[in-house]
Amino acid sequence: APVRVFCAEAFWCDLARGLGGDAVRTESILVSPAVDPHDFQVTPVTVRALASADIVIWTGGHYDDWIPPLLAAQPDPGRQDIAIADLVPDTDRANPHLADDPAAARALIDRLSASLTTRLSRHPAGAEDSVMIERIAREKRRYDRQFDALTGRLDALRTRYAGLPVAVGEPVGGPVFRALGLRVVDADFALATMRHEDPSPRDVARLEDALRGREVRAFVTNPAMRVPSVIRLERIAREAGIPVVSLDEFPPPGLSWQDWMTDRIDRLQRALDRHE
Amino acid sequence: MSETAPPRFLPGFSPRLSPRLSIELSPGSPPGSSPGTPALSFVDVTLAQGARILLEGACFSLPEGSLTVLTGANGHGKTTLFRTILGLHAPRKGEVRIFGRMPDTMRGAIGYLPQDRRLPAPQMTGRTLIASSWNGTRPGLPGWGRRIRQRVDGALSRAGALHLADRPLGQLSGGERQRVFLAGALLQSPRLLVLDEPLSGVDVQGQAEIVALLHDLCRRSGVTILLSCHGLDAVRGRADYRLAIAGQTLELSDAAL
Amino acid sequence: MSETAPPRFLPGFSPRLSPRLSIELSPGSPPGSSPGTPALSFVDVTLAQGARILLEGACFSLPEGSLTVLTGANGHGKTTLFRTILGLHAPRKGEVRIFGRMPDTMRGAIGYLPQDRRLPAPQMTGRTLIASSWNGTRPGLPGWGRRIRQRVDGALSRAGALHLADRPLGQLSGGERQRVFLAGALLQSPRLLVLDEPLSGVDVQGQAEIVALLHDLCRRSGVTILLSCHGLDAVRGRADYRLAIAGQTLELSDAAL
Amino acid sequence: MLHYEFMRNAFLASGCVAILCGFVGWFLVLRGQSFAGHALSHIGFAGATGAALIGLSPLSGMALAAILAGVVLGWEPTGDLRKDPAGAGHRDSVIGLVLAASLGLGLVFLQWQHAPVSSATALLFGNILGIDHATLGMLFLLTGLCLVGLGALARPLLFASLDPDLAAARGLPLRTMACAFMVLVALATAVCSETTGILLVFSLLVGPAATTIRLGLAPLAGLLGSAVLALALAWGGLALSWYTDAPVSFWISAGAALCYLAARGYRAAPA
Amino acid sequence: MLHYEFMRNAFLASGCVAILCGFVGWFLVLRGQSFAGHALSHIGFAGATGAALIGLSPLSGMALAAILAGVVLGWEPTGDLRKDPAGAGHRDSVIGLVLAASLGLGLVFLQWQHAPVSSATALLFGNILGIDHATLGMLFLLTGLCLVGLGALARPLLFASLDPDLAAARGLPLRTMACAFMVLVALATAVCSETTGILLVFSLLVGPAATTIRLGLAPLAGLLGSAVLALALAWGGLALSWYTDAPVSFWISAGAALCYLAARGYRAAPA
């Protein structure tokens, strides 16, 4: 029987499916980046799926806090629980967005391939299983190549962009910015937006000054966070001729993680290059 | 409005018959009264609370400018009758007429003192309470200014409550509060005054004062007054008629009887 | 408790002097009374509301088993005096003793009927209201069972309110409610009954019944009763003493005077 | 501070909201309906998510839901104690139930959503620093409308609030008054909380009004005092927030509580 | 359905919460304090964020804040109308102010904390399907404690609620009673909403109690009826949620509102 993988966010399961193929059967809750994962409501169907899973993957780091209690409520020694945030220990604790962190994806693939392999080889392994194990190894190598390419590209871009200031409306894209060495000028403002709070007026003023004075190279927004203060600043950015980049929370359905990442970096690059 | 009208009291008015046995009085002309319509008339009115009938087929009418006392044991329906006059309680049968018209259209002309009332804001002063009722049913901003103040002060001093008017209602004693409420009932120069136990809780001297005031209002301004009270001692010599509720019937008689 | 005590009324009791002029009565032995301590005594009590003095240097004591009427004009401090007895209002000066003890310790032995009371739950029946006061100050679960029901029924039927007990309080008429409340005051066989205008709103026959009941309680069970009312007609012939508040002084006299 | 347009807009918007809240809140506190005021802003949440579901704008959804709830909340107590003694104490629990039901509904709507809902939840928290000219214009317009409505309602509402039994006897339809006022409050909270957030609106509704009523001011003085105090709180809160970096709504809610405490102390002292 | 441990735990936990809420809620609704009940659960939010700031567990922070607020809410109305007429109608606005102030405080705590908790909404909707054995044990313990406390308080509280003036005259300290009860409610809401969410707790507090009180049941019948109804609602809601996949709290809040409506219709029919 295929290994049942349960993901809080669909794109982790995309990666798992790409790795495991027929060896895994996946099920995920959050499919659309439009739903705010910070305030998601759990229903029995969700938990039923989770209760019968062999592997549970979630982002962790307070991104989807509703998962751990569900796991505790249905203890199962045979189940493997993977919180991505725990795999990449040096993450920025305040910013739980890990979807676009190649390191996180790589760590997940590493962990997943290891555990899928042991699971498949645990029972008296049939021919079919060994085919699958082989396939997993092959896919892992393919993923690793893609990750390498991605990191390579990011490293290359880093030399060009390191130290460039950008502004963000909501803390999406943190890992990519870190990889590129971009300097986020308004971390507090972004966090306030994420928490649905009032930002402090001087943060707004500083950000506005930065936009009007063209002190930043791009203004990054999250399409799931269309709040008035961000919309207003977006307009100011446009007026000042600063490129506005809209970055999703995580990949929309139908788009693979790799393509989504590439598109992301492409758009960021276009924006950052526009002012050279 | 009716403050300048001539007194309409007719001293030789004869006692009415018990309504169930009575000749039906045609509501525009009670025998012996002036040709005006009666201030208040009940035509074959049946009042009930839930399944219980309080009053059956009651007919009577009160001429304008008369002072009538409503008596009856506890729970026999005095308050219910008052509420019927004000349109707050629907009669099961029959018709109530105020100056010949439907009660709904005449509410502005009635001054009412309920037996108990809620006081949602006991921290407000009596003056505030009374002033808020000035033209209180018309849309617009709350009234203020000298004219309203004069009217409010006039009503308060008539009711002997001027010295109580600037204290929070919650701090007044029972009798003091009753006087303030009475002032409220007098405020808009009503043509019909309907007072539910205005004397309860008032001291002996105060009772006499209030009855004298009411008597004066009848005689001098032609106001029609209906008040309920327990025992006739306080109103003796001042009331024209007595309406007695007993066992589902209503009896109108001369107060002197 | 005191239901079985012998009646302590002494018919030949002489009128008290005006307290300000009076010989100070030692609280344990009012002249002519039985050697027991007085049920209620005020020693040089000054009562005030805010800056206003209501009563100055009042001294009196009531023997156990007597029926006393408190009279006074509106706003002269009857309710304040009652509240002082119950420890709800602190006297500015002087001491109040109930059966020789501090008011705080004797509250369980006093039955009280306030002049007005809030009814936060008018949808509850009178029976529920009264039953909830049974041992109401002791921690534990609400009482239920036959014994409490019997006591409640007993109090209700004494006060003539048994037929009203199962209707929501909000639906009762003023006088009906007063009877239910009176039953509540009688419930725990108090040794001292403090009734603030128990007759207000009650019909004439009801007033007579209530006074007769109170008289009976005094004579047969030795309960001490202090009640306020306006006018002495209703209590004539039944009360032993009259306490009159007038102009900051308190005068105790024989009720027959 | 006023050099930035967003701060100027924030001052204008919060001033506008403060004056409306000061007036409306005075009646709200007088009538003991703070809970309704609080509940209405939660209820707007259900409306906003529901509207997003059927493709309406969140503001119109919020306003619709709030108006509906206003009618329900105004409806329940008949106002006539004698006719319905059981209904007397129930205003409070009815509000609770409507609140719970609409939160529950909002939750399902949220679950069915496959469109961005953050705009809906953002309404709850408002965004006083993100107000542009168009919003400001609409705010002025709607506030003006609400004030006109309140102006027409004020006298009968005061009468019905201070002396409901007499008002009913004079033929004032208590239920209609209650509904009309609740709808007004609903509109005001919807309009204001869309721009400034629920917390801020609620503080401005209750704080200044409770202070002036506690001080025992007469109606007109109380109404004016409440509006002025609300304005002072709003502007003071904005200024403080500028210098301290703490959120505006924190300063306003803290200020509201302090004002009430001061009034309480002042009143308690002489007595 | 009961095959899954999480569902078994959910049934146990919600049953436990339901019974506590049924009893406590009856008094809450009788006293007209639903708003306080609602506010206390919001206030817990400030406590939870504050606790995280100084390194305490959220539950203890919540409980502490709620207890503190309970004392404040119980304190304000002296209970003696005659001594303090201005304080009479103020219970409602004081709750509003405490609520606003603590929400404001919660916001600042959140800001200082730099932690990405959107606990405001997480707390609101709770997580009844995520209850483990340890939580369940603690829930049983704390519920038991609250029930014992309520048992000791019940008789004087009933007296004070039905007839406050007479209770004061008999020497019952109204303010102490009010504070004790509010603290109890605070504890109960803190304990319950930590596990099952505010919305669910609030629906169970108000719905069944309002229904039995509206039906005019006598105290003991009302208390028992309220607890039974709460249990039925909670379990019914869980079962419905299992089959329909709508959130539990939606079903429970909708059920609560329907029960009240039914009781209202039943009562209105004969009159």
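Per-chain numbering from 1; labels A, B, C, D and E assigned in written order.
Throughout what follows, contacts are C-beta pairs under 8 Å (C-beta built on N, C-alpha and C of every residue); 3 or more make two chains touch, one makes a residue touch a chain.
Values in this document were obtained by computation on a predicted structure and should not be read as measured data.
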_With a step meaning a move to a chain it touches, how many steps does the shortest path from subunit C to subunit E take?_
1
*What chain lies farthest away from subunit E once each centre is taken as the mean of the Cα atoms?*
B
*Centre-to-centre on C-alpha atoms, which chain is most distant from subunit C?*
A
*Centre to centre, by mean C-alpha position, how many angstrom separate subunit B and subunit E?*
47
_Roughly how far is subunit A from subunit D, centre to centre by C-alpha average, rounded to an integer in Å?_
39
_For subunit E, residues that touch 2 or more chains besides their own_ = 30, 32, 81-82, 86, 89, 107, 111, 121, 125, 213, 216, 246-247, 271
*So which bits of subunit A are touching at least two other chains?*
39, 41, 43, 196-198, 200
*asked:* Can you pull out the residues of subunit B that are in contact with at least two other chains?
replied: 120-121, 123, 168, 171
*Across the complex, what residues on subunit E touch subunit A?*
4-7, 9-10, 107, 110-111, 114-118, 120-122, 125, 127, 129-135, 241-242, 245-248
*What does subunit B use to touch subunit D in their complex?*
83, 86-88, 104, 107-108, 110, 112, 114, 117-121, 123-125, 127-129, 132-133, 135-144, 168, 184
_Interfacial residue positions of subunit E with respect to subunit C in the complex_ = 30-32, 80-82, 151-156, 158-172, 213, 216, 218-220
_Residues of subunit A defined as touching subunit D within the complex_ = 32, 34-36, 39, 41, 43, 196-205, 208, 223-233, 235
*Under the touch definition given earlier, write down the residues of subunit D that touch subunit E in their complex.*
29-30, 32-35, 37-39, 84, 86, 89-101, 103-105, 107-108, 111, 121, 199, 202-203, 205-207, 209-210, 213-214, 216, 246-247, 249-254, 256-257, 260, 267, 271
